[in-house]
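Read from first to last, the chains carry the letters A, B, C, D and E; within each, the first residue is number 1.
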């Protein structure tokens, strides 16, 4: 009986069975319901619970939404309309406040006749971002730039932009679209000068200011070119010195003189006119743009094997991460003047941007450090063996990979920072959430209106933040697919 | 002189004026960001006196917590934010109050259906109060002195205080009586709220400047005095041009710079006071336009009448 | 050239940076000194010992307006800690529930939790704080709605708790046999009964541990684990019950007297709203962390456990959780850190935390912004350093051993 | 036969008449995709069955149905006299009789090798720890790595890990062992170690079902080779006939690919 | 000689008198651990040197010292007439003359194969992109994977990746190539491809130092085999004598292990 093959019944199938449909209760909607909603007692209870929650939410808020009033000039009028239309006891939303005051929530106290300027600024921002953010996918670029172009131009027309500027914006947008079809990196120079242009569009004043700000690095670069043969380190130091000195000593006067010679200016708008989402976006975008490079530098410093540099970076990062943002904002608004030479006084928005940047940069540094640490040592060695110096190795080999790994973290830092722009309310700036709503409520007509502004502002924040997080997920997936 | 506040303001071409973030009647931005109010008017008058243009003011909204720092750190040149002149603020906080533009006192507002008619009946009540104000200290002192207890509800801004009070989250709202009146006036049903008779403190509200620059202090002080004196002498924004030409009153002539050049003593020109008065009118006009009985705020002059009318306003002589 | 020498290059660079940093620091300090001199102020913490003069609604340790600013600051710090600890606990519980529910096979429930997470993560915390606070003030009834015959609102939980738009009025614990208090000086006292309860609870906890290790021992010897839950329950509860009986502990419901409920503990809405908003907001983040942690344990692990015959709940406790926790704990602790820092938004609802006392009223009444803010930042910094030190210890302990 | 060098002792490899696993007319769908079609399979105690077939043919699914890691939708599976239904009692009974070794080992990385091996005996079989550890050490010796008992899986090589996985299953003293491509994630040197262990098991008379592409192993050890394609059993035979004289076209094609490679 | 099948053309394999690398009395410590002890080694242009030795004997460390991936603490290393000191200029010069191929390839995963090959020429040698790409394609053809130029390293097999790594080094047109166990991370089938490439290089007269356990390669190509143990050069000889007639006991032991295996 020890024959191994004793029990084998040879079997050969000569006709292959066709694929059959699953039994009824195993397919279609029934199966879906059974497996997804009622697959066991616990699950059934959960489903009922979920349904209960939804029913509760809908039944509580439905009436309120359904009875909303969009056309009224005061809360009392709203209430009167609701009472008249849906009966005395009806409760309803009064979105008329949004309709009446949307501009305040969006533009703050920016001069009404100049609303087109922030509109154009943020429209062109998309063009400037295209080479950076949407570089890989033509179809996405097409959609984003196309929509941006249409919306921006339409909004500018509606807001009464002068024809010259309309043409300018149209030209840039079209250039962006064309470049996007051909080679999006053509837009890089625009992306580089955009920060200065954006500042000029928003705050106005003379164009010579931004121009001379730009001249500084240009001179620095020339100095670097001239000296880099001698010693790259010396050249870098000199270049930075030249730039900073130019900015500090010459740029202001030069801009004033040039303006006197050839006036090139648009209406100036002061910082105290900024408010609402214009303020949030300005702080947010500036903070994002500045905190990334600063965060990279901090992360590299923290990863460096130079003890002193590393310790300084650690102290800085841990300090910033250890204190709440609003204490930093208080520093910006209350203490900064202690630390600067007597009599210096600079713009509160700028100060807030600096603090927000520093705060986000510390978090960014930790995120990027994670990415750096995830890189295998072999990458550094290979770069060394090929003769790349430290900076080239970082720029060409290390950072591209580290940043890619860190994308989710970087984007959530951005999102966190954008949400945190609401905290500027505590230093007397008109954020869209609290200060602006308080300002609106300070008027007799809208006293007592709470929910509608919250919903409006919250919805906009949600759209922007949710959009960013989805975009980062898309980016992550795409980068994963590439290179594999 | 170099580095003085006056020089800085002139150099900048703009006066930085610290105001409330939003208290109707005293300082609040309207839908398009234009500031109006009683304190705002003082800022404009000062700007007119110094810079010749009442529009050259940058209003810096300050909260109860940031106001003094904003002033001492140089962020604002003058603070006109219904702040109470107290000993320690004048000395320890290194501010200089340049006068009183509104004599106020702390009061309580309650719903009339609460059945309370005196502050003495507030034992055990919940009271809304803005943090960082003198009212917070007064309230503590008052209840201790009267052997009563209370629960404070700390709020950050007047708007929030109204919200809490309206919703019944506090039984009483306490702040300066003027503020109470302004708040009550803005209610849909002002009749159902009463302001209790007790005024538990003296609250002389006035603009303040930094300690140490007496010249700038003088300018602010005398701008305020000019507005008060103008009312006393009957100089209004409407008749001022005529008075410049025709006034016989030597005091008025000095005030309007037609005879002595008083302005030069402070580093200003002769017509500084004229411009200050033209900016928004004399004290009485400003009062009437912003918080007077014809406005929704509806404050009576009361203590803030001229001394000649039985009030406390008494501008020192211009000579 | 020194900079071309590998050995000295980094040294040179470091020296340059050090000089620059020192110069910058010196510049800042010099400016500060000059500015202070210009304003005629000094840098001096003497103000902390002056009379504070203001009242604080919630005082974990006795405090009156006559106490010093220092004591006011300590009260503020304790308030910060109270909301932070409560928030961390609640956010963890909710976050774990939501995170697990998001992984549930129940389509509806999982979607609902996704919506919860996305909504709370993508809107500013300040918004949630304001909304929750507004819900409390606008929707709950004021205390006088509980008054009289025609009361429009009633107390809940057998007339022991009243939810009002000012506070939640809870019953107090009263004792018929009060053992008196232990005085720690500085007017900080602990009731002996409290101490007794703490001792009994801690003792009970140790007893529970001993029971568990006894059970383990029995299991090791015989293979079957004795049922111990009732013993654990007993050692935790019976002594406490005895104490309750001995001290004659009972609940005294709050009563409406005058304007407010008295005779109970009134937990102010600013605390509850802040706590709730922090909880909801942080729970959304924790849910994601928990979800990622569980997903990080590969499906193969649970399949292997099932194939060995382990039941799902044992699989969870013996295989999945120990692995998931390693992934979950570090980001969880940084969420605790965030929550603690975010509690400084208490300013929006007038909750008097450290920022509200030291960095708010004290700063404002004394005009010592430099000192107050520096002190406040250092306190927050110390808090976070303590928390992250704890995290590092933990990380080092649980690191997976690899080849 | 590249990995198998030694003579195989067939003395214990007896096939009894008792039925270990009985699968009748079993069908399974993933959604609407018909993965397993009318599977009929009877496994007797002591049989060593190798399942082969192209990727995606349902081999893994089939053996995962046997210990109910996957649910079947039609037909019957009876393991050691217990029918697999949704009754949890039955599932537990079956699972504790059937050991399974996965392609990717699925060791518990947070437990030492010894703890991996004693976990289930202690918690499922309620064996005292001492005894569980003794058993575990016995099986670790059998798979030739007793000295690694205190290490963590992450510290072992792939071959060692897979042998721990086998020992872990054996510690439950199962009547039947399922192997799902136990060597396909291993480096060539390590395959031998694992196959040796499996051969030893076979020599001791364990009932085994093994999905593998190691044809040397199949020829040396199996008493039956089953060829699956498109979710069906296309051919089964004893190894000699299966390899030398395949009947179906598909089998021929498959064998030519796999052996030519 | 399992992996080497073809006849090797030795016509170009001439050793010149010029010294390519001169190591004198070199010592290195890791902390207090003495890894390399009194290493003396002169490599002439055109030599093909294989370094063998047990694990941990310091082979990798030695060749990593030659392009200063590790710093030595005593003695002298002169590469192509440039002494390696802490002077960065010298280090840069040496690194651009010495190519290195790592065990784990260390390709840059975010760059295509072509970009991997042109990166260093463009940024270090400042070669115009067009020209760098032409050179790169030439070397990719040489390693027989020109068609993969546009792919990312992650899309290639191990053998292909290692050949890209070789091409990448060659693109810098180095005078000396260092190989650190270039085939030991590869599957057996792929080893051959890489060895072929290395043989071709040798046939063209490249100066090579190669740490490897591929004794077939050593016998076929090397003109000198160096045996290291405990941080010292224990024996060096031409391959024939080295393998057939080892002098030292240690070498014998090592060879018996490695060849018996």
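One rule holds in what follows: a residue touches a chain if its C-beta (ideal position, glycine included) is under 8 Å from a C-beta of that chain, and two chains touch if they have at least 3 such contacts.
Computed from a predicted model, the values in this text were never measured in an experiment.
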{"item": "Graph separation of subunit B and subunit D (steps between touching chains)", "value": "2"}
{"item": "Centroid comparison with subunit A (C-alpha atoms), farthest chain", "value": "D"}
{"item": "Closest chain to the centre of mass proxy, which here is the mean CA position", "value": "A"}
{"item": "Furthest chain, CA centroid comparison against subunit B", "value": "D"}
{"item": "Chains most often in contact, by C-beta pairs", "value": "A-C"}
{"item": "Mean-CA-position distance for subunit E and subunit B (Å)", "value": "84"}
{"item": "Distance from the mean Cα position of subunit C to that of subunit A, given in whole angstrom", "value": "30"}
{"item": "Subunit C and subunit D: spacing of chain centres that average the CA atoms, whole Å", "value": "51"}
{"item": "Mean-CA-position distance for subunit C and subunit B (Å)", "value": "42"}
{"item": "Where subunit D touches two or more other chains at once, by residue number", "value": "none"}
{"item": "Where subunit A touches two or more other chains at once, by residue number", "value": "334-335, 337-338, 342, 426, 450"}
{"item": "Interface hub residues of subunit C, defined as touching at least two other chains", "value": "35, 38, 134, 138, 347-348, 369"}
{"item": "Partner subunit B, residues of subunit C touching it in the complex", "value": "35, 38-41, 53-57, 65, 134, 137-138, 141-142, 144, 165-166, 257-260, 262, 266, 268-270, 347-348, 350-352, 356, 360-361, 363-367, 369"}
{"item": "Complex contact set, residues of subunit A against subunit D", "value": "1-2, 4-14, 16-17, 19-23, 26-27"}
{"item": "Of subunit C, residues touching subunit D in the complex", "value": "219-225, 298, 300-301, 303-311, 314, 318-319, 322-323, 326, 400-403"}
{"item": "Touching residues on subunit C, where the partner in the complex is subunit E", "value": "4-9"}
{"item": "Residue ranges of subunit A touching subunit E (in the complex, touch as defined)", "value": "376, 378-379, 381-382, 384-389, 392, 396-397, 400-401, 404, 482-484"}
